[in-house]
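Naming follows writing order (A, B, C and D), and every chain is counted from residue 1.
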Amino acid sequence: MNNPLHGRQLAPDGPQLAAAYDAVRHQTRRLCTPLRAEDHVVQSAPETSPTKWHLAHTTWFFENFLLTPLLQGYRVFHPRFGFLFNSYYESVGEFFPRPQRGLLTRPTVEEIGEYRQYVDHHMRALLDQCDGVNGAEIGARTTLGLHHEQQHQELLLTDIKHLFACNPLKPAYRNPPATDATAAIPMQWLQLDAGMRELGHDGGGFGFDNETPRHRRYVDACSLGSRLVTNAEYLEFIDAGGYRQPTLWLSEGWRKANDAGWTAPLYWEDRDGEWWQMTLAGCRPVNPQEPVCHVSYYEADAFARWAGKRLPTEFEWEVAARDLAVQGNLLESGHLHPRSARAGESQFFGDVWEWTQSAYSPYPGYRPPEGALGEYNGKFMVSQLVLRGGSCVTPSSHIRASYRNFFYPQDRWQFMGIRLAQ
Amino acid sequence: MNNPLHGRQLAPDGPQLAAAYDAVRHQTRRLCTPLRAEDHVVQSAPETSPTKWHLAHTTWFFENFLLTPLLQGYRVFHPRFGFLFNSYYESVGEFFPRPQRGLLTRPTVEEIGEYRQYVDHHMRALLDQCDGVNGAEIGARTTLGLHHEQQHQELLLTDIKHLFACNPLKPAYRNPPATDATAAIPMQWLQLDAGMRELGHDGGGFGFDNETPRHRRYVDACSLGSRLVTNAEYLEFIDAGGYRQPTLWLSEGWRKANDAGWTAPLYWEDRDGEWWQMTLAGCRPVNPQEPVCHVSYYEADAFARWAGKRLPTEFEWEVAARDLAVQGNLLESGHLHPRSARAGESQFFGDVWEWTQSAYSPYPGYRPPEGALGEYNGKFMVSQLVLRGGSCVTPSSHIRASYRNFFYPQDRWQFMGIRLAQ
Amino acid sequence: MNNPLHGRQLAPDGPQLAAAYDAVRHQTRRLCTPLRAEDHVVQSAPETSPTKWHLAHTTWFFENFLLTPLLQGYRVFHPRFGFLFNSYYESVGEFFPRPQRGLLTRPTVEEIGEYRQYVDHHMRALLDQCDGVNGAEIGARTTLGLHHEQQHQELLLTDIKHLFACNPLKPAYRNPPATDATAAIPMQWLQLDAGMRELGHDGGGFGFDNETPRHRRYVDACSLGSRLVTNAEYLEFIDAGGYRQPTLWLSEGWRKANDAGWTAPLYWEDRDGEWWQMTLAGCRPVNPQEPVCHVSYYEADAFARWAGKRLPTEFEWEVAARDLAVQGNLLESGHLHPRSARAGESQFFGDVWEWTQSAYSPYPGYRPPEGALGEYNGKFMVSQLVLRGGSCVTPSSHIRASYRNFFYPQDRWQFMGIRLAQ
Amino acid sequence: MNNPLHGRQLAPDGPQLAAAYDAVRHQTRRLCTPLRAEDHVVQSAPETSPTKWHLAHTTWFFENFLLTPLLQGYRVFHPRFGFLFNSYYESVGEFFPRPQRGLLTRPTVEEIGEYRQYVDHHMRALLDQCDGVNGAEIGARTTLGLHHEQQHQELLLTDIKHLFACNPLKPAYRNPPATDATAAIPMQWLQLDAGMRELGHDGGGFGFDNETPRHRRYVDACSLGSRLVTNAEYLEFIDAGGYRQPTLWLSEGWRKANDAGWTAPLYWEDRDGEWWQMTLAGCRPVNPQEPVCHVSYYEADAFARWAGKRLPTEFEWEVAARDLAVQGNLLESGHLHPRSARAGESQFFGDVWEWTQSAYSPYPGYRPPEGALGEYNGKFMVSQLVLRGGSCVTPSSHIRASYRNFFYPQDRWQFMGIRLAQ
């Protein structure tokens, strides 16, 4: 089988991998601690999933791609879970329609917990065999499964935020943090020279197939903003009538904004002339110093045009970021919300995913892995745009400069924001 | 205030009413015993509601129409619950959109339980004042609230059935009953003479406003089937190609059946050539002796045309039923499913609601009550059809011969079936 | 074959029928005189049809139900016209989907004209045989075909009005009439006694199957308005906030009015504070003295509730109208628009179809004719409401007191208005 | 004003431009010769336009961008035509909603003809001033207007084809051609070396803004098919179950194909086991030697994956085509349908637009022109894909190697086909 994991240098010994497995799996459960059973069930939009589904689907991934094929004598936990918790792997068989995931009140949260324990138990047995004949394959697939679960950790939080925002009671997932009055640093421009570049995953550590192959690309000279666009800057756009001026918008974006009645980012509401926004700590006034968040590509693009700038390409972004350390306001910081840029921070990693103007397309020479795992990334390579850099709910061990996230231009429920280019 | 309760003869003493209050409220909670927290949350169709919502809305009814106006010093349990749990009373204020009821994971089931206890506690205090100056009003509104809650007991069960039927695991609400091999009695025809009739609620006991006023109506001679149409009879219609023969159908029904792909009643599925149906005891083979159930008006009408008969009018039905005792397979029987007609049973009450060909219109001289309680029945008097007789999930103290239930012709998720006329 | 024509007393001699045939067919063509070829093609809403389609469908009716079965040696004009111009007769075979009628640029208007001439030519030959063995059948079906064509004459005009109203140029179908400043007569109340009545078609002259059988019905005492509701009266309702007051509306109507953004009758527009309305003579200021027109059932019902009245039942209406002469502002008057009530006019016939609160249901003992012609009226007997009396575009020889027209409660594009009852 | 026309070398003398003007305008009218008045009116899909609208919109372009601003004393032909026939220029003012273009039966075809004559008359007067102070601007805008009109000549034909295909009579726009039995030449592979390229419009002759600026780009080595994919090759894909195999498809494409029920290219129908296709000469059997046509991007991509190949990028395509002469089966050939590849033909120009895997994005350093003409191309740069090479209905003077056409991945009604790469 062709291998979906490129250039990773996994420790060959089982214990290290088992520790990683335990850590990631434990982290997922920990994220559910503030939730009640009721919160696990509901799907508040077709593009979101219930918490319970995230818990089960990530578990099914290990069961289906590791335990069933590679652990001798393994018996699946439940014969219908494959149907219920397969996300979209056509080659694995039929699956339950995505928009109906919120109808499944059974299995209960408790039963899903038992499923996780059952699979964890057997995964530990499998990882003990990591030095055996299938050791490399076990290692590779387990590593993929853990990165897959980290993706769902992020989605679990963005989906809960969406659900709680639909509730007039505006429940909080976490306690409100202390007020942060730090002013964002002034915007400057980072100059990039023109030149031929080697881009894509360099083979060190884990990477997804869509970051490969590493390839040559000519990148023109440009400048990128030294930090993210702030709420204060975005409010200027709003106050200048940005949402009412069609010539600032892509044609498709103008139509969408009008059909949906957009007048501000997602989760903003006007309370007697003051903008408030829903956060994972409940509803609170918009802090002008923080990066603007929950904007669509259309809004990011219109803002950039209004500002006389543009959005970067994903290649410009990667050139600018690839020599930086992966640090910033990521999941581990515990803020769960973007934060104003401090002195010395460029915000390339964490805070918000940054829209690029690059369509999500295959790199030259790209080939998806063979088999079901090949359905992972390639089949989405149309109509979406690349975002870079991770957000305040991305695990830090999950992000890197070559990482390509992708969403539709109208999507807003992820932590998505704006870096300018010119 | 004009009074929505007509002709009821409530015991004027508080204790009897308080006992009725406790019994009905307790029954609602008892119906939830088989459910897990997760089951209370989800709305599986726009016309259904989550269990939790039924629990809270019926409670809000007492809080809003009794405690707030009539119990001195009463403080509402939560300031936003009025917004969340008002169903459709425009005159009471804004309310949460019906199709989004399933998004409310909070308040939790436990919190709704506390809400119910809080309201029950204060209702007992209010009922102690039943002999006071507002005694008649308290009695009337409490009685209305209890009948309202009984309606929601039925809906709670039909909505849970719909939810569970959406789940590929086909969970059971109750344990499967012993197999019932009793053959339905043969169909005979009950003759009704033509004549001038007094129809509508006669003023004895409780009645809804839409059953009034009692009025004169000329009813032609006709015959009604002596029992409900069975699955066996309906299977003949299916096997004869009834679902593929447009001339049997109302034009609108033919379009609906085709758009929705109907080939059998709701909840039926073809398993390798055998028809199974979802029940509150899980999925099981269709029993040909039982009354057919979960058919739309369009299907009932097409079946009748195929059989060379027609559906009765609501007036014919009432003439036939009004001298019968209210007994049959109702909620208290515990079957929660229609049952084959035994010797001596005419099935006018219980088993399934019976579609009539009568549009749901006001009786001559009908006036809705004044005030918010007047929004109860009258504002739905267009585009729906009357059903009569109650079903296997209707509380027996809730049904009577003059009772007018109403649904849209395409509705199928209630326990709805067919009695023929000619 | 059972006969769809009840009680008509057609002159048995062919010549008289042939003259009627020529007159009706000629009238249809005459109505198209003001139209350009382009105007004949377009379908501006799913419920309307292109002029060309009306011209061809009425012709197909004669071809399919008379020439093909009854004229020896007849060859159809075009083998595909049956498919294209069958409206909804399932028993005749497949037909072209209604919402796509506007896609048929071919056959051209000229070709449809040739089709009409071809069929007219053969119909004259058939009518010459009216005294033969099939004479009665030919007479009956021809009479039905002519009434059918008169229905389409009315639809042709209402559909053209809808089309022209969609055009920002607001083209006029006819020349603007002289201003009519006649004030409507004051409203009075016509008293009807309670009593047992014989209702439905009495067997004299032509009637549709849905007017039969004549049957006994008890009608309570009531009063009906002595004329139609005027624009002036309806403007009071608008100015009093009628469109913003939910308790005035049926629940379904309130939702529809809000979803569709209704703030006035169809074809009304606010030009700098003055109401204008589209008419067949172009756009012009609303004349307060004229009957209000192009309102839905929901609006008619809400207006009546606001006025402290109600809409009549179709039975009350028939009792009041059946002894009146059929005269009024009908198609032949040439106004093509409702007109203010003159002294002595009760407006029961003509001006606007009058919404009743009666659902369109079968009369007791109703049976549709056998065969394809039986698909004429019965299969629409659900979800619609009865309107009575004809409009300013109804041919006078087409209307009578027992005539039952029927539309959906949200329909507004016919000439529909309001008579009050109490 | 910034100028939307890049690098064109227009003859500075008016007469030459006037001749071009006359030729293009005359060609548009000539294309309408086979059409009847009725054919000009209807819009058969939201993305198509009525012929009449194309005739008027292209005329409005000259009126609005040339005559009104640049011809002294010019009076617009009709005050509302700006509203009716502006396509999407937000900066010019409000415009009539695109999906309703087919409702405008007025102005008639004849009146549109008068509009064209009126504008032509004044354009000739303006072009006489081409050597004056605004000469360069007049020349530039006129040239743009002519290329704009040529785009609409192509759309006029593809839209008429769509309209006629909706008609069960399958009318022909032109006479059927003689049968072409020529076999397509065998497929070979054209090798392209890797290297740094200068791509985009080179400044010679007319080009659209979206072809600029010319810029450097590194293009990897690849091979392109020596001719287009044929119907025979595509039939193999169909027969191999290509439309039923999800792993061949992009996820979005699989959903679309299933929702829409695609089993073959647009305009194909299975007549008793034989594939027929609608053409501008009516319906006829699919010729296996001709290039496959009317496929979406999803189908082109799935076919390529099935064949073990891929689609080219627009850059690979441009490198391969830029040194070829612009010749092939274009509008002037009169075939109006793709033709089998003859010896020596590579089919880069004409026959069908070729899907590339390149998203339609701005070139590095792209800036749209200022003013309303800047709304021409840039505002569509999201969610669409680039197609290259022109089709059998593209005027030959309109196409070139750097030309970037763009459509949504689900679009099929243009003449769109497949060239493979590897």
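We take it that contacts are C-beta pairs under 8 Å (C-beta built on N, C-alpha and C of every residue); 3 or more make two chains touch, one makes a residue touch a chain.
Keep in mind that what you see is a predicted model, and the values were worked out from it rather than measured.
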Any chain in contact with chain B as well as chain D: A, C
Copies chain C and chain D - rotation angle from C-alpha fit, nearest 5 degrees: 180
Distance between chain centroids, defined by C-alpha means - chain A, chain B (Å): 46
Rounded Å distance between chain A and chain D, as computed from the means of their C-alpha atoms: 38
Interchain centroid distance [CA atoms averaged], chain A/chain C, Å: 59
Residue numbers of chain B (touch at least two other chains): none
Contact pairs between chains, per stated definition: A-B, A-D, B-C, C-D
Chain D-touching residues of chain A, taken from the complex the two chains share: 88, 90-91, 196, 215-218, 220, 246-247, 249-254, 297-298, 301, 313, 357-359, 361-362, 364-365, 375, 379-383, 385, 409
Sites on chain A touched by chain B in the complex: 36-42, 44, 52, 80, 83-84, 96, 100, 102-109, 163, 166-169, 171
